[in-house]
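Chain IDs A, B, C and D follow the sequence of writing; residue 1 opens each chain.
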Amino acid sequence: MSATTVKTATPAVSEKARPRMSFAKGLLLLAGALVLISVVSALVSSGKQPAFYTITSSGQVAAALSMAVPIGLAGLGGLWAERAGVVNIGLEGMMILGTFFGAWAGYQTNPWMGVLAGVLGGAVGGLIHAIATVTFGVDHIISGVAINILALGATTYLAKRWFGPLADEGGSPKQSPSVDDIKDFTVPGLSDWLADIEKHHWFFVSDLAGLIGGLVTNISALTILAIALVVGSYFVLWKTSFGLRLRSCGENPTAAESLGVNVYLYKYAAVVTSGALAGLAGVFLALVRSHIYNEGQTGGRGYIGLAAMLFGNWRPGGLAMGAGLFGYSDALQLRNGGATVHALLLLVAIGLALLALWKLYRKNLVAAGVNAAFAAGLIVWYLASDTVPNDLVSATPYLVTLLVMAFAAQRLRMPKADGKPYRKGQGK
Amino acid sequence: MHALVGENGAGKSTLMKILYGMQRPDEGTIAIDGETVELHSPADAISRGVGMVHQHFMLADNFTVLENVTLGAEKLYGIGAKARAKIMEISDAYGLGVRPDALVEDLGVADRQRVEILKVLYRGARTLILDEPTAVLVPQEVDALFDNLRELKSEGLTVIFISHKLGEVLSVADDITVIRRGTTVASVEPSQTTPKQLAELMVGSELPSPETRESTVTDIPMLTVDGLTLCAVDADGMRRAVLDDIALTIRKGEVLGIAGVEGNGQAELVEAIMGMRTPDGGTITLDGRDISKLPTRTRREDGIGYIPEDRHRHGLLLEAPLWENRILGHVTEAPNSRRGLLDPSGARRDTERIVAEYDVRTPGIEVTAASLSGGNQQKLIIGREMSHHPKLLIAAHPTRGVDVGAQTQIWDQIREARREGLAVLLISADLDELIGLSDTLRVMYRGRLVADADPATITPEELGSAMTGAAAGHLETAEGPEEDR
Amino acid sequence: GKSDSGGGDKGVGLAFDVGGRGDHSFNDSAAKGFDKAKADFKIGGKDLTAKDGDTEADRYEKLASLAEAGYNPVIAVGYKYNASLAKAAAKYPDTNFAIVDSVVDAKNVTNLVYTENESSYLAGVAAALKSKSHKVGFIGGTSSPLIKKFAGGYKQGVLDTDPKAKVDVQWVAPDEKGFGMPDKGKDIADGMLSNGVDVIYSAAGGSGAGAIEATAGKKGAWSIGVDSDQYNDPGLAKYKHTIMTSAIKNVDVSVYEFIKSVVKDKKPLTGTQAFSLKDGGVALTYTGGFIDDIKPKIEAAKKDIIDGKIKVTDTYKD
Amino acid sequence: MTSHDTAGASASWLRRIDKERVVLAVAAPVLALAAAFLVTALVLVATGKEPFNAFSVMFDYGVKSDSMIYIANKATTYFLAGLAVAVGFRMNLFNIGIDGQYRLAAFFAAAVGGALNLPGFVQIPLIILVAMLVGAMWASIAGLLKVYRGVSEVISTIMLNSLATSLITYLLVDGRLGVLDKSTNVISTEPLPSSSHFFTIPTGSGLDPVWGFIVIAALAGIGFWFVLGRTRFGFDLRAVGRSESAAQASGVNVKRMVITSMVLSGAMAGLVGMPTVLNDTHMFTADFPSTVGFTGIAIALLGRNNPVGIALASMLWAFLERGANRLEFEGYDKEIVGVMQGVIVLCVVIAYELVRRYGLKRQQQRVGAELAAQAKKQEVAA
């Protein structure tokens, strides 16, 4: 070895702040997307323009929001549990409990009692999960799967017994009688004004008006509650000592225990809250998205909520984005079918092409090549067809989610002790 | 300042955990300040002014220092600005140099240790328990730690600490308790005892020494590493070199020791040689064959034995029985498999042999690896690796957390292997071990081999200061081993 | 199944499709005929319900256990029973079977099928006449052959009446779940309405309720019900002022007639009994009086279909 | 996922059997089943139904010979689904995508089978091969995404399930890969030629035969056991499941192993639909049984990811479903069986965990006690 002098080495640890998908960055990205839509819709032939207009229409945005809320709430449930170290694959079952008890109590009394009952129903599901995983130390996934089976079994059984005889009120073994509406809100004046602007299809301005319009027109009280819960969860989990303790149980429960934190208690609290949130997601499906309990109503949204949480890297903002993305693309395909999804092809292609350029600039040739190839493929598809076949349109939200996950490479930062069994007094 | 010594599994940690309320005693009493107390949980202990720094750090990696410190003590100063100010105040008062907003994940061992101590002080502890605080520190850091502790002592705090390093125990403790298999066997005063006596009290045998006698170094190169460079993307998305142009040669019969503060690339060097990481440049040659591009499995088949730094993460399947652990890493080799199929009976038979030969204390080979104590797990790993007659043995911290009895055995085995012409790459934080066993010493600092030294002449203190980057080049002008080129 | 009338013949056996009694749709319609027959002829009976994930073996078991226990006739509601009914009919040659919506070629099986495309055609005529925007919509539960029969007939009816009109056809989901998603039905209808569609016909089971709800929220828009007269559906009472008409399928009538032919007349209906516009097996309702103004045109179309002047397609292509 | 494998059959196996362990192993499921029945009985009583009659109806009916045949046939499918899930679980991969994989595989296999008319001994293996290939390819998407893009397999397989549904709906259309029978309203793939019908095992006059595919399923189970328990590859796979880091250090290419096991899991999923296609319907219809993949998760978990356990669990599941059909006939709500299934899974896993923990404690105590004894002896000797 010839080194006789110490060379100035790179610092082992740099002190820079960790990059995060900040709120500001998200807004910027959204604005960019809006501009892109405006530009493209101004450029395509007039026959194709309506398909682009619907992409930012207020109806689309409102529908996207209402589709995103149950997914986001379920995801938030997942977040609470996993931040305390308990994987909750039983969200689906807890949502089912929410739909059932929400509609049952809502029908018996009033919708707000329904909300309460649904949340309680979900919380009971959470409690069972907590007993199994925290007290008995059962594998979290097994317990979750069992709860999904149990919740489905119990509600179908009870629905048949309780709703079956209510045929005159519209009940059936698979469906509850309808429940009254939960109040919704419209910002007076603003909503109409925005709707007016939207109609003119002005460059960018109308797109923005559609976006905001969708967010201020006929917003259900539960939607507002859901948004508040996302923000509130962030606040509680990251800005309070309760949250600190709860998260510590997901990162290093033995350490938490050694500092006098009652880990079991916090895990219980987190998992029960998780169930309650999933229950609320179910209530939203039963009482806002429709007015009834309906067997199979959750349709796997619990799992999708879980996916949204993973998508969002175990953070409330991220999971809201994941839920939003899924809700948006689901609403898009549902409301407007093939033509609009067809328009989306072009937008995604352009987006990918831009991403390819960025990768090229960063000298990541492989990624640039892959992105460019996908972009080219989509453009060819767009040009070669007029619409996306109706039978394929239903795939949109799933495909979009998968593609976004695949292209947005990310470093997952799951809580360190997530899913690991923990026993009191066994730390080494 | 009270020191507690004893062999592995003597019950030191268990006793301390009882003092800290993490475990409940079956009988007996605990008195704090003359008052008999009953501790049901750490919270009880904390409220009575007992604080503990555990043998294995109790820190959440994804949390900031601030979060780690305030956790569980939010009532004192909240979790915000007031807490931050308090942390800075304590840190400054005792010269701990702790930064509240750093992520623990990014901290080195010594820094983590200080965070642990700060955690205890923050809670206003009057009795401080430190379980093996020095095991992972270099001498300078140990000195700094003891300076801190003395300062605390002078303020009237009581410090209880546990250590396997008898020298330091004798130099800093005011009182020493020796325990063995769960009972106190002696209470001694440091001034009236010697390390030798202490060791005898502990294990009933003589204090071992890692001293290597005659040199067995040949001039046939076994492992040659040249220009090895490895970059990694850190948390900030910045690429930086964790291994920077590493060059070294280990000959048959030679033990090459690498000294360095943890986190300076030793682990990465080992992983690169093992093929667990793909380097960005450089070549690795084993016994004349270029293995740079070969997968880990082939490298192992070609004769690399591996005693990993973290046996739980890299050396064992904790939930699997011993005989399956004997197969791990050598599944393609006899006696573990024949023609693609496992040979469980062959593996079982050989496991029995290893258990007997290497004195693995276990009632049988069907018990899970997890039910063995750490020292016995280590012996099993060493037995396994040596059974395949490696050409090169990579030994990372082979005696970490292992008591003096087992240490002797392990050192003997390394020496034995070396005599048979094995090349050994030794990485250790225990500088006595490093100096005692090695034929050649290298110092690693920030991904580079910055210095070399002759184990015959260097002292741990000199080596320690080189490890912190204070010196470079050849550390002694006295005649040392030949340069590689 | 309460206590059955004793003796060898226990009465009627009936196996519902998924959804079963209380689905406010064709299962309920079958139940109505079944209940009426039981009451009128003072016989016993037992009904069983399919569940999601049932296999051939499960369906066969239902039919076989009914026949085995001595129920006669045995009626299978839904085309899914096709294969299992064929098997059961062979095993129990002395039992009279009937299947709704499908055809099984066996001596002891009566096939009760309906020309849903014809009633849907009339729905299309009504939609085209009532639409002001010349844009109408169709929402199907899923793109199964049966539902495509509805879609095809409807589209043809619309275009024959108003060639300039646009028909927006959408499916709720790619599988059977699409029949139980009222919320998604609502979203689809909402999307159609905001694109200017002002009449929506949905053949989507429970999901249709959502579409009807959405349509009721838009001024001047109409919905068209399906299978039963949804104007009279208690669950939809709130929206009935916008349910312009329903394309009904009188499963109850055919089930009743079949039971009667076996139990009372002792001369079972045989072969394929197609219930069409001609015999009132399918029809367009005038309840509520919303389409009374265009009744002549609808009746004319109906006559043309019955006379064979209009040949209604029985499938739909995108 | 905790995976527990049975010790193998070597000459000294008898020695290793430990009476206590056997008792514990049997105790867990027995206790759990008893608890599950108790809970179900309580639910029945609470809703005003007589429980014991319900159970006796289920048991009496469940052991009738035609019920046994039903159970054997249905369990064949469930067993394969459980195995497919277990391959992933054994190495900590949560493949929720069995559902999509097996439906897509069955669809393409049926389509290929319907399009060809080769001798059975060529065509049947070909159909099975197509199914395994399609299943493997669909699953490999999730594997590749995980390895190269870091996408959690939980997300990707959920999405791929729905994509499979859409794809099948798109292709199963008159003029694409479907044929429509207008009179029956059934859309399906072209039916298989009768030469491609799999053999059946006759069971007696008037009774349905047992599907011959049960033989393939048994072979798959043995193959599963052999590959995982007796080959180097299986050892590597289990090693990854137990500790990814230790496996990597031991020389396993973990990334490749992720893809390989996803592919294996998918190939196994491809088999799930085969008993139905080859032995039963001989075509793929739009109402091809779905959600079997999800049932497979419960069954794999109940069977502790080991073939014998999975076989027992799948038979239990089939038995319960058979019983459900009968319960309805006897005037009970068959939905109670859903409650039963959920309670059973929960009770079984809790019982297993308690027993496991007890066993571990016993083992540690024994290790400790024996070591102490050894040490004493040494001391005395010294």
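Keep this in mind: a residue touches a chain if its C-beta (ideal position, glycine included) is under 8 Å from a C-beta of that chain, and two chains touch if they have at least 3 such contacts.
All values reported here derive from a predicted model rather than from experimental measurement.
With A-D and A-C as the two chain pairs, more C-beta contacts join A-D.
Annotation: 30 Å between the Cα-based centres of chain A and chain D.
Distance between chain C and chain D, defined via averaged C-alpha coordinates, is recorded as 38 Å.
For this pair, chain A with chain B, the centres built from the Cα atoms lie 44 Å apart. Residue positions 49, 52, 143, 174 of chain C are each in touch with at least two other chains. The residues of chain B never reach two or more other chains; the list is empty. Residue positions of chain A with contacts to 2 or more other chains are 389, 391, 394-395.
Chain-to-chain contact here is organised irregularly, matching neither a line nor a ring nor a star, and falling short of all pairs touching.
Chains touching one another form the pairs A-B, A-C, A-D, B-D, C-D. For chain C in complex with chain D, the residues that touch the partner chain are 1, 46, 48-49, 51-58, 61-62, 65, 69, 79-80, 82-83, 101-104, 113, 142-146, 149, 174-176, 272, 314-315. Residues 1-2, 43, 47, 94, 96, 145, 149-152, 154-156, 158-160, 162-163, 165-167, 169-170, 173, 297-298, 301, 333, 335-343, 345-346, 349-350, 353-354, 357 of chain D touch chain A in their complex.
Interface residues of chain C facing chain A in the complex, by the touch rule stated above, are 19-24, 49, 52, 143, 168-171, 173-174, 177, 180-184, 186-188, 190-192, 194-195, 206, 209-210, 213, 233-236, 238, 318.
Across the interface of their complex, chain B is touched by residues 2, 7-8, 10-12, 16, 229-236, 239, 242-243, 245-253, 360, 363-364, 366-367, 370-372, 374-375, 382 of chain D.
Against chain B, the residues of chain A that register as touching in their complex are 1-7, 9-10, 12-16, 18-19, 239-241, 244-245, 247-248, 251-252, 254-262, 413, 415-416, 425, 427-428.
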